[in-house]
Amino acid sequence: MGRRSSDRSRRGRMAETPEGRARGEEWWSTDIIEMRPGLIRLRGYPIEDLIGRVSFPAMIWLMLRGDLPSEAQADLLDAALGAAVDHGPQAPSIAIARMAATCGVGINSAMASAINVLGDVHGGAGEGAVAFYGEIAAATDGGLPLEEAVAARLDRFFAEGAGYVPGFGHRFHPVDPRAPRLLALVREAASAGAVSGRFADIAEALERGIAARKSRRVPLNIDGATAVIYGELGFPPPLTRGLFVLSRSVGILAHAWEQGQQGGRNKGPLPREWLWAYGGPPERKLPEAE
Amino acid sequence: MGRRSSDRSRRGRMAETPEGRARGEEWWSTDIIEMRPGLIRLRGYPIEDLIGRVSFPAMIWLMLRGDLPSEAQADLLDAALGAAVDHGPQAPSIAIARMAATCGVGINSAMASAINVLGDVHGGAGEGAVAFYGEIAAATDGGLPLEEAVAARLDRFFAEGAGYVPGFGHRFHPVDPRAPRLLALVREAASAGAVSGRFADIAEALERGIAARKSRRVPLNIDGATAVIYGELGFPPPLTRGLFVLSRSVGILAHAWEQGQQGGRNKGPLPREWLWAYGGPPERKLPEAE
Amino acid sequence: MGRRSSDRSRRGRMAETPEGRARGEEWWSTDIIEMRPGLIRLRGYPIEDLIGRVSFPAMIWLMLRGDLPSEAQADLLDAALGAAVDHGPQAPSIAIARMAATCGVGINSAMASAINVLGDVHGGAGEGAVAFYGEIAAATDGGLPLEEAVAARLDRFFAEGAGYVPGFGHRFHPVDPRAPRLLALVREAASAGAVSGRFADIAEALERGIAARKSRRVPLNIDGATAVIYGELGFPPPLTRGLFVLSRSVGILAHAWEQGQQGGRNKGPLPREWLWAYGGPPERKLPEAE
Amino acid sequence: MGRRSSDRSRRGRMAETPEGRARGEEWWSTDIIEMRPGLIRLRGYPIEDLIGRVSFPAMIWLMLRGDLPSEAQADLLDAALGAAVDHGPQAPSIAIARMAATCGVGINSAMASAINVLGDVHGGAGEGAVAFYGEIAAATDGGLPLEEAVAARLDRFFAEGAGYVPGFGHRFHPVDPRAPRLLALVREAASAGAVSGRFADIAEALERGIAARKSRRVPLNIDGATAVIYGELGFPPPLTRGLFVLSRSVGILAHAWEQGQQGGRNKGPLPREWLWAYGGPPERKLPEAE
């Protein structure tokens, strides 16, 4: 949507080769927000029409997708956002937020340092799962039965020795309590015709396929379960990492705030009276010639 | 709530002077989340009970406040979060998100660089307004009639020459279209008995008081209007900056994503063929002695 | 220096009310760098004249101050920058760098998350010390003898109950081994006439004054010692936090790199098999009405 | 160096399966810094021995490599660090630093937001060039003559349609004035026997090879020239991005500081009276059913 119209209008303007102020303004063109004095429109909707009538998850959808979701779509997005808000201070992002809160920076900066580490490893598993499911969905679109598409993808994955299938297994939880609950919501929505349910099918087929290959259950985790939702809702994989950021930011804020209330100055990773193990060279003298 | 019980339990544990692993685990104590293998509880609620039953804004409330909001409270929080999602690429946070998206970093890092600048100036006006209202509320709690409390506070403010009253006036919008809509929602909630309405009263009395002193209307802006909501809901001022971060993160993500889709490499602040004005010394030679 | 000429030239240009491209370019005016195709000048010096002839610390000085330092000035700056590169992984900035390095972000982002927390508490003590010394220097400029100026300032400080005098005392080191060494370098430079030595006098008088009031020695620490150098060299206090950032960035990079080499995925603050202490409410059920 | 000894000592300690405090301290083990009360050693050298005797670039080397550089090595590192400090406010990192400085955050946070965007695109070209040279060096180590190794690598590169060879060409400078100067320093050092000069040979052979294929000169740029130095000095490619961060941080600090001195509140990317072009849908009404 937005993408194309933007390109068109930009090309149109380029043809006129704007100069000066118009060229500067074009440099920052966007399809998201229109403003004039006294007027703010998001994706074409006057902001005062949106406020109080469109829920926060629906606003997120509108901003990212360009159109309003159905109520069922907004509810599924809501559930995915709410499910991933926190996983405790053992997660480096949460630990960072708590430490930063003791260092004399604003709460926005404590949050930024934490959000910044939701990278490929810490924040990327969900994105990886959406992409993985999407490949299987594309194969079934091409006519392959689901079980065959799953088997082919898993065979290729394990042949590459790529480790854990994104979205499955957890180092801590035998079964992640968030995953079955989210999947149940998708099934409800599919029954009501609000989504297709095909990503739920894919995830379950993957779980069976992995179990068959590993001879033990490696159940769907939170990343895999939110990926089912994001896949059903049609979000492109890299954007889903942004959704995870929005979600985990809540936990990051809560922990930064709590740490600030608890106090502490310059809180390091270990109790203050502990140090760290040193494994480098013993004491040495500088060479004289230096 | 949480705060006190945490102190108590921490003090309890301190009395036992834990050592080793227990001391390490205590270093990261929290009242927010409890985990055991297969179990995640947020503020005491099993996560699987929350998912799909508690809306995302209510989850935010639960994480930050320790208890669930009423539906009316969650709705007001929802409206405030939705209202402030974006104000366009002229805002430095949004511009930063868009530039960062062209530099080869993950979307989480583009968001972090942007969120990081929601500091005292860019993100602090709402926090300032909540605090300002709160001082007036405290004065009325002490028995002063509202108009007198407002007059006294404004007199002091203008005597200090402190510039703009936080939450009022806008460099761009004659009337910020978000403010009256948010205020109307507070009035509705107050009519229904869900909130007291006293912060709305304070904001309106302030608007009258400022107009009388300035001989022109300086209307409530978005920061002042969300501050009315956050004040009604009982959020402490510094935490409301965190709420603003959660809200504006949506616009930050939307713009980072759009810029990434538009492409561009290393997008600078001005069209590529423009430079910058140089105002420093003309060419000079290094001193020979150096 | 630069500041004034910039204001003048900017005012000059404003008088002409530039429009279009010139207005855009003026918006980003700087006295630091001039560029044309094939030409780069820093503060007026062609970059190719600087490279290989001006040391890295002297480049830092040139960029920040607008002119080249003397060799003695560059050497003192060099020593201060080198002295503060690291204080180990108990410092939250270093711990954050190490954790971030395991999260799948670029090394620049690992550094950014860490640098971001060098705030008022973690990075501000040196800045505070420079300002504190500067107030005493100003009092002696006004004619007060040094000991009296120090006594007056300390009396005021302790009357305010403001805790630790910035730059003195250390929670870990009885004597910080970096401080006496840096002070000796300042004394050498003062003997050679390169600096006045007055900030060293101020720091030593403060140490005596604090000892007298506390009945125990509270020795100069690294922040206080680098503050002596930065004061001698005429850096404004808030800029010295930037110098500390440049210095500590070296340790941040070294630790991020080492952690990356050691491996580890999603390294949390505690050994993986440890958790955290939970102090919040026990399990509870959602209210039915929600 | 450090790496191996660390692994060994860590393995040693793991064998003893430490518990409690020792396990916590081991979790943060490092070969870089050793501390006890009153004692700080970097890579085995007492800090007070280093201060004033080892230059800042040599400290950087020591921290990153584990041993002291020769004077000639330190000088080359110094030159590379100094050469890349700034490229003006059109670079997104510098623009971000300047905008952040107006938003009410500490100078450390302004720097962090800027450093954060020195990612694969903005900060990765030097790293890419070191890796590219390294592949050619490895091929010559395997016995291939230089020109053939270069030709083979370039053939492969252009066959992949991968765009610009990292380290060559500049969108703005016909010849980057920093590159020939840095290369001359490498040649001097090679003449003196301090480095081998083979990376300079590789870069020049690449320049010839690219020119032959493109029928025009695409000269070595700053990233390619610093990559020659970093290659000669034996830095692994991904670490060189960290070196670039240390270097560009100087410009980032200088610009953040200058912007702060110039003032401005919430400085956006365009002059305040300009806006942005909107290319999205025109005004529309919310659907009634929502």
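Each chain carries a letter (A, B, C and D) given by its place in the written order, and its residues are counted from 1.
By our rule, contacts are C-beta pairs under 8 Å (C-beta built on N, C-alpha and C of every residue); 3 or more make two chains touch, one makes a residue touch a chain.
Note that the structure is a prediction, hence the values are computed from the model and not measured.
*Asks:* Between chain B and chain A, is it the same set of residue numbers doing the touching on each side, over half shared, or a different set?
*Replies:* Counting shared over all numbers used gives more than one half: same.
*Asks:* Between A-D and C-D, which chain pair is linked by the larger number of C-beta contacts?
*Replies:* C-D is joined by more C-beta pairs in contact.
*Asks:* Counting only Cα atoms for the centres, state how far chain B is from chain D in Å.
*Replies:* 35
*Asks:* Suppose each chain is reduced to the average of its Cα coordinates; what separation in Å results between chain C and chain D?
*Replies:* Once rounded, the distance between the two centres reads 22 Å.
*Asks:* Counting only Cα atoms for the centres, state how far chain A is from chain D in Å.
*Replies:* Inter-chain centre distance comes to 29 Å.
*Asks:* Among the residues of chain B, which ones contact at least 2 other chains?
*Replies:* 2, 6, 21, 23-24, 26-28, 30-33, 35, 46, 50, 54, 88-90, 95, 104-106, 108-109, 112-113, 116-120, 123-124, 269-271, 274-276
*Asks:* In the complex of these two chains, what residues of chain A are touching chain C?
*Replies:* Within the complex, chain A contacts chain C at residues 19-21, 23-24, 88-93, 95-96, 99-100, 102-105, 109-110, 112-114, 116-124, 171, 265-270, 272, 274-276.
*Asks:* Which bits of chain C are touching chain B when the two form their complex?
*Replies:* So the residues of chain C in touch with chain B come to 2, 5-6, 9-10, 13, 21-22, 24-35, 41, 43-46, 49-50, 53-54, 58, 66, 68, 71, 104-106, 108-109, 112-113, 116, 269-271, 274-287, 290.
*Asks:* Touching residues of chain D toward chain C in the complex: what are they?
*Replies:* 2-3, 6, 10, 23-24, 26-28, 30-33, 35, 37-40, 42, 46-48, 50-52, 54-57, 59-60, 63-64, 75, 78-79, 81-83, 85-90, 95, 98, 106-109, 111-113, 115-120, 123-124, 172-178, 180-182, 184-185, 238-239, 241-242, 245-246, 249-251, 253-258, 260-262, 270-271, 274
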